[in-house]
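Right after this note come the structures.
Both of the next two complexes hold subunit A, though its partner changes from subunit B to subunit C.
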Partner chain A sequence: MTSYALFLGCTIPARQPHYELSARKALPKLGIDLVDLDNMTCCAPPPLQSIDLETSLAIAAYNICLAEEADLNIVTLCTGCFESLAMANTMLKENNELRERINKILSNAGKEFKGSKEVKHYLQVLMKDVGLEQVKSQVTNPLNNLKIAAFSGCHLLRPSKLLRFDDPERPRIFDDLIEALGSESIWYRNKLKCCGGLLRGYADDLALQIAKEKIVNAKKAGADCISTLCPFCFVALDMGQLQIRAKFKEEYDMPVLHYAELLALALGIEPKELALESHKIKTDKLLQKIV
Partner chain B sequence: MSEVQEKVSNVIKAKEVDPKFKYKMSKMHGAEKVMLCFQCGTCTADCPIARFSEFYRPRRIARMVQFGLKDRLLSDKALWLCSNCFTCVDHCPQNVEIAGIVRVLRNLTVKENKVIPLVYTVLASNLLKGGYVYEIREMHHKKRAGLGLPPLPKPNLEDIEKIFQITGSSNLLKGVETFEKVES
Partner chain C sequence: MTYEEKSVSSKFSDEIRHRLGGETIAFCYQCGTCASSCPVAKVTDKYNPREIIKLSLLGARKEIVAGDTIWLCCSCYNCQERCPQEVEIADVIYTLRNIAIQEGNVPDIYVAFAEGISNEGRIVPVSKFAEKKREEYGLPPIKPANMDALRKILQATSFSKIQFKKGEAQ
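Let's turn to the complex of A and B:
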């Protein structure tokens, strides 16, 4: 077993417990032990970075300090959390002056950022710690008939200089992990472009237009479903389809599943254990194809 | 406004130019390279927002910083349309980080103009009240328990409050003017 401090953030536990559920069921099956640490808080996402960068870095670093104290690396499910924490981690590790400034702030909360731990997204853990072959060998219910439109979202890959996850122009990790489950990871137009999710709340029309294009492109390419990693992408594309129906009178009926949900299904976990009914776009037809 | 009047109002006047602005910006984390922008337009061409928005143009932001048009930049709500996808940062041939520049400009807008999208103030106050930017209510906790998920970590609100105090963010958010929508 490899142990990681699980960083949950807020959107997943509040709005998408089904995502957390699938990860908590699937990852331990592959030898990843998820440890919950007390006092973990918000990752300080872009909206907070937009208010004040130093405050957001201090909050992000505060979480990393907790992992350092527990002597664990961090794993995140949400790519937004991954970006905020990994970016802060790299910035503070590599910029002494910035680290000193942030540590001065953190000392008021009795913390010191040492830079001794890593922040990883669970796809990285699957790829590096578990390994593609091992994932494949554990699949008992291959998702053979599915064409999947992988959508990693921006914050898994960029800014690549700070996140260092995969080639941001021709990423493969997510696609390889989908294919390890027996499915086909398909190409579709503008696959790597943003979903507009962060604009929801103050520029909704624009956000919806962007999400709609994404869904149309996946549909045209023959996708059975879209697979996401980020809870904001998920909302933009899943809930987004209800709003698209209301606004544009267009129906796409394109299921959206987090990768961890697909992984759990492929590892033989029963759909009824995964609370898939929380999805706005029903997954029944898709499930008939695979179980 | 007649067409001529409109054109005149768009003209840059010497008195609205802050010639030192680009130097100040160059010292801010994320905006260091702004003077290296040679206006190739790669950022605008690849920006997912510029494709759909009438107003948002990252290249123009870099140029306006170089020109010292601070007031125009900080009062333009389009600044809040960047979705932080970082494509511009990855693609710029000059290593200019538009997303970083936008972040610095937003920080300045909050600090000096005291203006911010309403949802952002809600997120910040949620963080201070509950430790998460998204409010986690009793019904969420119940739903989690029903699914067999463990209780959520308990954030240390005192520590968060201290961080906000010492950085000045608590004061920053007092008396800010908010807006609900940005025209796109």
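Let's turn to the complex of A and C:
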């Protein structure tokens, strides 16, 4: 077993039990031990970076310090958390002046960022620690009939200079992991384009317009579902479809599943254990296709 | 429209360059790769990253800081990824928002985020209903954030000096 400090963030534990359950059930099956550390705070994502960049770096660094003290690397489910923590980790490791500035702030809380740990998204852990072949070999319920529109969300890939996850214009990791489950990762128009999720709450109409385009493009390409990694993308595209129905009188009925849910299903975990009822767009028809 | 200075090194652009996130603004040569890569600019003419950089370089401080365009960036980093001059555009937008917020232009949703951080250490509050649901699903109780440590951190940064009030944004 490889142990990681699980950084859950704010949204997943508060609102997306289906994501947390599927990750907590699937990852240990592949030899990933998830450790819940005490004291973790918000990761300091874009909303907080918008308020004050220095504060957000200090908060991200505080959380990394907790993992350093526990001698564990961090794994995140949420791509927003991945971005905030991985960006801070790289910036502070590589910029001495900035590290000193942030450490001065952290000293008030009795912490010092040392730069001794890694921040990874769980797709990286699956790709590097577990390996594609091992994932394939553990699949007992292949998702053979599914055409999946992968949507990684922006903050898994960009800014690539700091995140160093995959090629930002031609990524493959997410698609390869989808295909490891037996399903097809399909091409669709503007695949890498943002879902508009972060505009929700400030400019809802624009956010919905951007999300709608994503759903329409996946539908046109013949997708059975969209697969996400980020809880904000999930809300924009899942809840978003109810809002699209109300506003545009258009119905797409496009299920949105986090990759961890697809992984759990492919590993043979029972759908009833995964809180799939928390989806706004029902997954029943999709399940019929795979079970 | 009047500008403080008709030069690309206005007082405002210097202010931005000397702040965290704003360092690269002056490298911009206005090619427009950012605007053509921007998903928001595709759906509204109210937002254009090239225009925001241009006005900032020319010193249109009031227009930028008190206006609402900087809040329409969806932080996707497409512009930053593709900028041939390596202007960290999304980060520059954060810097502009940081300045705006310090001067009291705080959209309500950001007031809510700040309250979440100050009160619970998280931007999405956990309802009693969610806690009960977690128990039903067999998920472990949510571990509380270390508010003592967090408050000390907030106290040591400019976060603690910001006035967060709803309904004040312009």
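Points worth noting:
Criterion: the second predicted complex is superposed on the first by the 291 of 291 C-alpha atoms of A that agree within 3 Å, B and C clash if a C-alpha of one lies under 4 Å from a C-alpha of the other, contacts with A are read in each partner's own complex, and residues count from 1 in each chain.
The definition used in the following text is that contacts are C-beta pairs under 8 Å (C-beta built on N, C-alpha and C of every residue); 3 or more make two chains touch, one makes a residue touch a chain.
The model shown is predicted, which means the values in this text are computed figures rather than measured ones.
Overlay on subunit A: subunit B and subunit C clash in the combined arrangement.
Once the two complexes are laid over each other on the shared chain, residue contacts for A:P13 go to subunit B and to subunit C alike. In the superposition on chain A, A:C78 makes contact with neither subunit B nor subunit C.
Of the two partner chains placed by superposition, A:A180 touches none, neither subunit B nor subunit C.
Legend: residue contacts after superposition of the two complexes on their common chain; A:A223 is shown touching neither subunit B nor subunit C. Applying the stated touch rule to the two superposed structures, the overlap between the subunit B and subunit C interfaces on subunit A comprises residues 8, 10-11, 13-15, 17, 20-21, 24, 36-42, 45-55, 58-59, 62, 105-106, 108-111, 154-155, 158-160, 168, 193-194, 196-199, 201-203, 206, 209-210, 275. By the touch criterion given at the top, residues 8-11, 13-15, 17-18, 20-21, 24, 36-42, 45-55, 58-59, 62, 98, 105-106, 108-111, 154-155, 158-161, 168, 193-194, 196-199, 201-203, 205-206, 209-210, 275 of subunit A touch subunit B in their complex.
Subunit A contributes residues 8, 10-11, 13-15, 17, 20-21, 24, 36-42, 45-55, 57-59, 62, 104-106, 108-111, 154-155, 158-160, 168-169, 193-194, 196-199, 201-203, 206-207, 209-210, 275 to its touches with subunit C in the complex. Chain contact summary for the complex, subunit B toward subunit A: residues 29-30, 48-49, 52-53, 80-81, 83-87, 89-90, 97, 99, 103-104, 106-107, 110-111, 116-120, 123-124, 127, 131-137, 140, 143-144, 147-150, 152-156, 159-160, 162-169, 172-173, 179-182, 184. Only residues 19-21, 39-40, 43-44, 71-72, 74-78, 80-81, 88, 90-91, 94-95, 97-98, 101, 107, 109-110, 113-114, 116-117, 121-127, 130, 133-134, 137-140, 142-143, 145-146, 148-150, 152-159, 162 of subunit C touch subunit A when the two sit together in their complex.
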